[in-house]
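The structure appears right after this line, and notes come after that.
Chain nomenclature is as follows: A, B and C, assigned in order of appearance, with residue numbering initiated at 1 for each chain independently.
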Amino acid sequence: MITLTNLSKIFRTELIETHALREVNLQVNEGEFVALTGPSGSGKSTLLNILGTLEGFDSGDYLLDGQSVKGLSDSALSQLRNEKIGFIFQSFNLIKDFSIYDNIELPLRYRGLKAAERKQRIEQALELVGLHARRDYLPAQLSGGQQQRVAIARAIAGQPRILLADEPTGNLDSLMARQVMELLEKINQQGCTILMVTHDPDQARRAARNIQIVDGQLHDSTLYEPLAAHSA
Amino acid sequence: MSLPLLFKVLLTRKVVTILLLLQLAITLALLLNSVLLAQQTHQQLNQPTGLDLEETLLVQIKPTTPQLRAYPLLEDLLERQLNALRNIPGVVAAAYSNQGMLLQGGNNGNVYNVDDEERSNTSSVPIYFVSADYFKVLGVDVLQGRLPQQSSLFTKESFPSVVLTQSLAEHLFPEQSAVGRQLNRGSVSAVISDFYGQRNGENVMYNSIQVTRPFSVDWGYTLLLRTSPGQTSAVRQQLTTVLQQVEPNIEIFHIRSLAEQQQQLYRNEYGLATLLTILSALMLVVTMISSYSSTHFQVLKRQQEIGIKRALGASKRLIFIELLSEGWLCTLIGTLLGIGCALLLNHGLSQVISLPSLNWWLPLLTGAILLFSVTLAIWYPATIATRVSPATATKAL
Amino acid sequence: MEQFIYYLKVSLLSIKRAPLPYALTVFILSVGLGVFFANATFYYQLNSDPLPHKSDKLFFPMTLITPNDCNNCRPPRVLSYSNVQKLSASDIPSAQAAMYSSDGYARLSVDQPPTPVSIRITQRDFFKMFEVPLLHGSMWADDEAHNEVLLTRAMALKLLGRTDVVGESILLDDRNVSVIGVLDDWQMLPRLYDANGRNHLSAGEDIFLPLETGYDLNYLSRTNSQTFDDTDYRQLATEGRTGALHQLQYWVQLDTEEQQQAYKQFMQSLAEDEKAAGRHPAPINNQLVPMRNIVDYFGDDPGDIKAFALVTLLFLVVCLFNASHLALNRYLSNQYEFSLRRALGASRSQLQLQMLADVLLMTFLSITGALIIGYAGVSLMNTLLPRNSLFSDWNLTLMAGLMLTAFFCSYLVTLYPSIRASFGSLNQQLKE
């Protein structure tokens, strides 16, 4: 699904050169649930951004679903992003002036789907996250947990190949966090590959595979055994 | 970008949007009416005058001593002046007249057909007293009858015969030949093609001409010259010297070509049209500044939103078009409102000046101008928006 | 005071943060104010009352005593000599003067080139009625014919090189006349006594000559002259006095309501008498127009200034919208600071004072800009619409008006944005 080969990313300012990622190699197969952990400043957000084609990289290669992203034009990358990747952010990143329905619809419009098909997909996604009744609400009218579920609905409505989640439960209390995690697991069981950045070791444990990033280098560790199930 | 979404975006910033729409509407209204006025002025300046505007010169002149303003000295002066003018190389013909043409007002009076006074009485008809070569100078066509070849005098018994312009002849004598018919001013000897006399007249093409010496030159008189093509400026340069040599006790008020005389006639309309055009251009600039600044501000404020959209798969081009679309939608609504405002403004302005009413294609044209200007103004801010990296979506608040 | 200087400093600091939007706001406001002010100058001057304490007492009588009949005719704009004689038989007015203007040539001796001059030919009450200031000498002793003239100060300087020229002799159209008075600088704007000749916008005349002398010497009116019979207008001295040759303006001063009514009655009786004598075939239509209505009555008001007034007002409104828009953006981006200050304990009224400092700063800058643009605008309008060029002077009242308008506009522009900024919910704004 994802193959990173000797990928490096360097941030340069006038005075300092920071190696955010040093010759990283990574292979993620379809259907995996991977947790990315590491201390602050270790480069995990950068890695996630690169995986999501939100940022470029300086050397190496990145193959997504068999296709190299190097040298792709902006419109090709945008199309790739739109069709294959779904995002979930820590701060939800919903557009506050749009209703829930409109927020979820946004990436589908970029894909150029017809109205009927868009409607169907949005309804499905809303059902999955359990927010169908609030489709006309504005984000400000929902709780943090509900907003994040909307973000998830937006991410999966386009049936992406991979879901990238950056601290998805970072702004939520423990009950809401649990709900969100359950949702992610459900989506993963349906076959979607998930890569999640997290600080929380409990959450990391729920992922089948754990990767640690320290000083821009990956350590594929299975220090944590995946929990088979958890109590609801 | 969908229309309903665009509307929603605009509606979230109600005050700003309303301000923008109002100013677009008023800008369009002013632009439209300025174009109308400019058009009208252009038409006025290009209307047919029946005269050769470039090659006919007009000298407004007055003797400065009372003796020279009375006969017989006046007659002698006129003779000498005409002879001197005819001797200037490049002058085809020269004549005197009590007044020029293409004037606002001047020497005028009643003319009527003595057999039909009630119906045909026309007031404010310019009355000309000219020398025999007058018609040659003007280059008018003789449509009926024969021109008087010599000057004759007013006596108690007889008046010099009258030459009418075509429109006046048709008005006084509809369906018949005017030649030989009797007017209060004399009998008609010829009908010539129309020329523009006085603006205040009932019809600018109504003129009554008699070949006779001027009645009084207390208001000055006019010397008219026809030059050969290309010789006009050469002749013009010599005029003052030549006339001063003939008789120094004269005041030359002005020397103009008939083209300049026409411009003088419409000077105020031209001035107003120019002022309104300048003001419209200023208004357009102000609207452009406002659009630029507003869009720029919006882009800066909505960076995160733009980042999210990019993260969700919007290409740079799409972001660019989205921003332009917001501007276009505003402009379109503003244009529609503006047409209403333009009608109101047109009504208001036509109470104080003469202004044609709106036609159908002008709103389209001015709307297009406005659209183009707004697009130009927001092009750069929209370009900035495309530079927002999708990674800004991931930055925490 | 110290607090106010602090507020000004804060304003300047916030401008430095984003100078371009602020500069654009001030520019737009200046342009709107400047253009408006340029036209307002002409509008104000053209519509001003040159004799405010008197203009309701000066009247322009007109009557239809002409040899011809007409239907629904208004009386002619000018009167004949015999019309004026009949009207002046009344002693109701406290002052009355007939007048017209003509052209002539003046010089000191026949070997000099002649100077073209404009002449107002009138009677002695003219100077009293229109409050013409005299620098030297006096006006004519009576309304008889005298070869005596009054010169304007400028004309005295032009012809004789000095202003104290009473007693000197000049040649007016090669006839000897003596100077008995010199007028002080006098520019009645608009020259409403000449409004019926469409000349209220032009400059006044150079020389003043008695009416009877003017007729004796056959000076024809250079503005408006109508003949209703076969009077030979060249014979002004003879036929011009008896025939239906109309070229005279006639003004009377009627101080009280009673005088005005009495005069109207007098005019009515006169017209009836003339009708009975067969000299007034047309239906009676006397007019007695007060000076402040004279331009409206003749409908000679140049519409261009009015049209432009409407348009510049709209332009100012658009500029206000624009400037408001920009100011709103500016204040919204500074909202954080406002909220912070509020969180630190500033009250709403203190923030309003801050806003006042902003307003004063903007007023000052936009007035400066407006004056520059206004001056350019006035010059442009003088070039394009030269017939109004006498009405382009700025006086104290106009300047005060501009300052007030600029302050008001700056206040409007800043009002809504600053209210929004100071009335938002604090915690939300601080988080942002």
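Basically, contacts are C-beta pairs under 8 Å (C-beta built on N, C-alpha and C of every residue); 3 or more make two chains touch, one makes a residue touch a chain.
Because the structure is a prediction, the values reported are computed rather than measured.
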Specify the contact topology among the chains shown, as one of line, ring, star, complete or other. line
Most central chain by CA mean? B
Distance between the centres, which are taken as Cα means, of subunit B and subunit A, whole angstrom: 69
CA centre of subunit A versus CA centre of subunit C: separation in Å? 76
I'd like to verify one number: the distance from the centre of subunit B to the centre of subunit C, where each centre is the average of its C-alpha atoms, in whole angstrom. 27
If I count partner chains per residue in subunit B, which residues reach a count of at least 2? 397
Could you list, by residue number, the parts of subunit A that touch subunit B in their complex? 45, 48-49, 52-55, 74-75, 78-79, 81-83, 85, 87, 89-91, 93, 95, 97-98, 102, 106-107, 109-111, 154, 166
Mind listing the subunit B positions that touch subunit A in their complex? 1-2, 5, 8-9, 12, 304-305, 308-318, 389-391, 393-394, 396-397
Subunit C partner contacts - residues on subunit B that touch it in the complex: 15-16, 19-20, 22-23, 26-27, 29-30, 62, 64-67, 215-216, 218-219, 248-249, 251, 267-268, 270-272, 274-276, 278-279, 282-283, 286-287, 289-290, 293-294, 297, 300-301, 345, 348-349, 352-353, 397
How about subunit C: which of its residues touch subunit B in the complex? 21, 24, 27-28, 31-32, 35, 103, 105, 113-114, 116, 173-174, 218-220, 222, 233-234, 302-304, 306-308, 310-312, 314-315, 317-319, 321-322, 324-326, 328-329, 332-333, 380-381, 384-387, 416, 431
